[in-house]
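One chain, subunit A, links the two complexes that follow: it is found with subunit B in the first and with subunit C in the second.
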Partner chain A sequence: MSVVYINIFLAFTLSFMGLLIYRSHLMSSLLCLEGMMLSLFVMMTVTILANHFTLASMTPIILLVFAACEAALGLSLLVMISSTYGTDYVQNLNLLQC
Partner chain B sequence: MMTYIVFILSVIFVVSFVGFSSKPSPIYGGLVLIISGAIGCGIVLCFGGSFLGLMVFLIYLGGMLVVFGYTTAMATEQYPEVWVSNKAVLGAFIVGLLSELLTACYILKGDDVEVEVVLKFNGAGDWVIYDTGDSGFFSEEAMGIAALYSYGTWLVIVTGWSLFIGVLVIMEVTRGN
Partner chain C sequence: MKVINLLTSSVLVTLLMLTFPIMMTSTTMYANKSYPQYVKTATSYAFVISLIPTMMFLHLGQDTMISNWHWITIQTMKLSLSFKLDYFSMIFMPVALFVTWSIMEFSMWYMHSDPNINRFFKYLLLFLITMMILVTANNMFQLFIGWEGVGIMSFLLIGWWYGRTDANTAALQAILYNRIGDVGLILAMAWFLMNLNTWDLQQIFMTSNENLTIPLAGLLLAATGKSAQFGLHPWLPSAMEGPTPVSALLHSSTMVVAGVFLLIRFHPLMEYNKTIQTITLCLGAITTLFTAICALTQNDIKKIVAFSTSSQLGLMMVTIGINQPYLAFLHICTHAFFKAMLFMCSGSIIHSLNDEQDIRKMGGLFKALPFTTTSLIVGSLALTGMPFLTGFYSKDLIIETANTSCTNAWALLLTLVATSMTAAYSTRIMFFALLGQPRFNPIITINENNPLLINSIKRLLFGSIFAGFLISHNLTPTTTPQMTMPHYLKMMALAVTILGFILALELNLTMQSLKFKYPTNLFKFSNMLGYFPTIIHRLMPKTNLLMSQKSASTLLDMIWLEKILPKSISHFQMKSSMIISSQKGLIKLYFMSFMLTLTLSLLTLNFHE
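Let's turn to the complex of A and B:
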């Protein structure tokens, strides 16, 4: 495997850790999710182009379609949270109380 | 220097990922995500994927991030946090930058450096992009994507249906009450 993959794996790991560690806004976790999807797209495309997997070239497009679905769903949840509590702060999500 | 262009672009890619993973205010995170999308498009273009690079710009940046941008503008605060205004954000940014610098220096140290995490990475054939030489009159990546409509008909049906169901789910979620 070539060395460029290390950097793309590192980018995926960084945005994954950014997704798991909350600060104040829920929106920045959604942005980290988008970053994960972008790094997966780049990794998949580079693998397909370097190994000449011609028929697999459609899979990054399919990945982008499902990433768009999930981003839209996450944003709709954020909009509902923002309309209930006024802001999208993570500390407002405390109904479970445990 | 042009032989190292892919490596330099991937280093800038990781640095911009650190920029939004250290979680400043979402509006600055969105801005840095746009930059990292452009750099990712550059990496894809260096390997010859012109249509997929266009997809990144059009669908990812032009579609998804525009929606993120105006949702953030709707839910933002009066004094958004920059990277230098909060010690936690600055600390996370510096830690990420240092880890990338260490990785880059270790990779550039020698020609036969070998890193083993789960797979064996070696830089032996990395700076040259392999090519079989004869690509005919068409780009094989564009032909592979065009096969979406012949070999991948079922994929088109499934993704179209899931997008439709996604729209219905979002309409139910935002109905509220």
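Let's turn to the complex of A and C:
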């Protein structure tokens, strides 16, 4: 594999780690989710452009659309939690209360 | 010829003289104490000068039209300032000016202590000017200007004491009900504009169309609104919130007859339309009976006289319905005299008893206010049609003509019953206000020594006695009255009136010493004005608003857009997830286990080719 792909793959892995390991704020995992999406987008675009795979040129845009939808979902969850507890500390979620 | 010139110039001088005090508003004359005197003098001079063209018209017998100033031509229609000086306007002008002169003199006494008396007189004069514009209008545009003008002045004058909530409500009520009638007038104007291409009365009468029901129905609606016929009548008793001179001028002699006057103006069109005549007849009959019933149990003296006005207006509509516009016009002129005088006598009584308007708290004024008593009794007798007083010449003729014409017998019966009720409530006023022992406070503020008061009522007293005779014997003959009829028909009006008097007197005397128990249903119907204001003013708006709130706000917005999909889904999910799930929400633990599993699997399962 070339250096470019390893670079982007490393970015993806780091964001993935950041999604799973965070300290107190839920917002940081959402941000890492966005980073994952960004790296996937870049990898997909570079692959398609390097291989002249024009038929799949639509795919990054579709990926962006779905990323926007899930970002909205994540933000709405954040808002729900923050309106119930006042902050988005993870230790608030120890009991399933609505 | 010089004679003809004098007629037109006299009319124009009369109308112009009325506008001088208005133009004096911006000078120091308006802030002067003698401004009311100036206005009254201007009106009396205008009356005297207006007698000249009237006498000339009665002598010559020809109609005149003044067309002054061409205002605008819209495509093929020409609008100009034009005055129609025919039978109706020529005779109405001196009558209106005479009555207004007396009322202005009266209000110099009545509104003496009011700090804004100058503004009051300005409003009265503006009202008179717009009424003159209405009466002398030769095209419908000018008539509409006068129509709206009297409506606006009525609003300003009813709400004169604007600190009082009831007065503001009554003024608004008058405007709203008049507006509904204005729609009819605009309908008629639009129809005439589109089909006859004109707003000039001469051209409208010349081009005879086949089916004139639509504009005539519009005019009838306008008359219903302005003249308080049944259906649009509650504003007239509520308009008694205004000062007594306002009630005397507007809501008895001048403004409320504008609707009837409109129908009389258009009588050449109504002659050939039987449908509209029947509707007018039935509407007038219902009005006169209903308002007479309501007048029987009212306790406010001004409201009784207001309902009496409404009943007489219904009688005028009945007269138009049997195709006698000239008789209706005669009744307008004679009615102005004694109705204005009745209001002025009520005003004298009210002021003397320290602003007491309830007849249950009056009494024994027969000896204390002799002049007012005299004029009240003469006015009531003239109203009920006592032979050879003023009302007799118009009212008796109307009843006779109705009796001998092949008309709707039900409407005729209603009119006769209403005539006897007229006598009944007149007896009630006289009995409660004048006879018996006093029921008011012993502090004596009774005084009728003021020459302003006495002269004004005296003038109208002479008018109430003699005006009928003078007017009806000097008019140009128009329609031939019915000369021969059987005895019982001739005596019918007199008989029902005497019946009403006797019945009312007997009832009042008998019930005087009995205790008043709980009111019966019939009494409540009459006292609450037939429940008409209660239903229409509260039930209908509440229904409308409730319907719109239920359908638009609740049904569409809240239920269809919010509750059906979004809220129901979220509600269902939350409830079910609470019941079903057994998680404890330890997110970091779950994420950590996920990462460990992934790393371990990637490390151990890497041995492949």
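Rule of thumb we're sticking to: the second predicted complex is superposed on the first by the 94 of 98 C-alpha atoms of A that agree within 3 Å, B and C clash if a C-alpha of one lies under 4 Å from a C-alpha of the other, contacts with A are read in each partner's own complex, and residues count from 1 in each chain.
In this text, a residue touches a chain if its C-beta (ideal position, glycine included) is under 8 Å from a C-beta of that chain, and two chains touch if they have at least 3 such contacts.
The shown structure was predicted, so the numbers you read here are calculated from the model rather than taken from an experiment.
Asks: On the A-aligned overlay, A:S83 touches which partner chain: subunit B = first, subunit C = second, or both, or neither?
Replies: A:S83: touches subunit B, not subunit C.
Asks: In the overlay, answer first, second, both or neither for which of subunit B and subunit C A:L63 touches.
Replies: After superposition on chain A, A:L63 lies in contact with neither partner.
Asks: Which partner does A:A50 contact after superposing on A: first (subunit B), second (subunit C), both, neither?
Replies: first
Asks: Based on the superposed arrangement, let me know which partner A:A72 touches: subunit B (first), subunit C (second), both, or neither?
Replies: So A:A72 only meets subunit B here.
Asks: What is the contact status of A:L40 with respect to subunit B (first) and subunit C (second): first, second, both, or neither?
Replies: Neither partner.
Asks: Once the shared chain is lined up, is A:N94 touching subunit B (first), subunit C (second), both, or neither of them?
Replies: Second partner only, subunit C.
Asks: After superposition on the shared chain, which partner residues are touched by A:M17: those of subunit B (first), subunit C (second), both, or neither?
Replies: both
Asks: Which one hits more subunit A residues, subunit B or subunit C?
Replies: B
Asks: Please indicate which partner A:S2 is in contact with in the superposed arrangement: first for subunit B, second for subunit C, both, or neither.
Replies: Only subunit B; A:S2 stays clear of subunit C.
Asks: Of all the subunit A residues, which ones make contact with subunit B and with subunit C?
Replies: Residues 17, 21, which sit in both footprints.
Asks: Show me the residue ranges of subunit B that touch subunit A in the complex, using the header's touch definition.
Replies: Residues 6-7, 10-11, 13-14, 17-18, 20-26, 29-30, 33, 36-37, 40, 43-44, 47-49, 52, 55-56, 59-60, 63-65, 67-68, 71-72, 74-75, 77, 88-89, 96, 99-100, 103-104, 107, 115, 117, 119-123, 125-126, 129-130, 132, 140-141, 143-145, 147-148, 151-152, 155, 159, 162-163, 166, 169-170, 173-174, 176.
Asks: Per the contact definition, I'd like the list of subunit A residues that touch subunit B in the complex.
Replies: 1-11, 14-15, 17-18, 21, 23, 25, 27-28, 30-32, 34-35, 38-39, 41-42, 45-46, 48-50, 52-58, 60-62, 64-69, 71-73, 75-80, 82-83, 87-88
Asks: Can you list the residues on subunit C that touch subunit A in the complex?
Replies: Against subunit A, the touching part of subunit C is residues 574, 577-578, 581, 583-588, 591-592, 594-595.
Asks: Per the contact definition, I'd like the list of subunit A residues that touch subunit C in the complex.
Replies: Residue positions touching the partner: 17, 19-22, 26, 29, 90, 93-96, 98.
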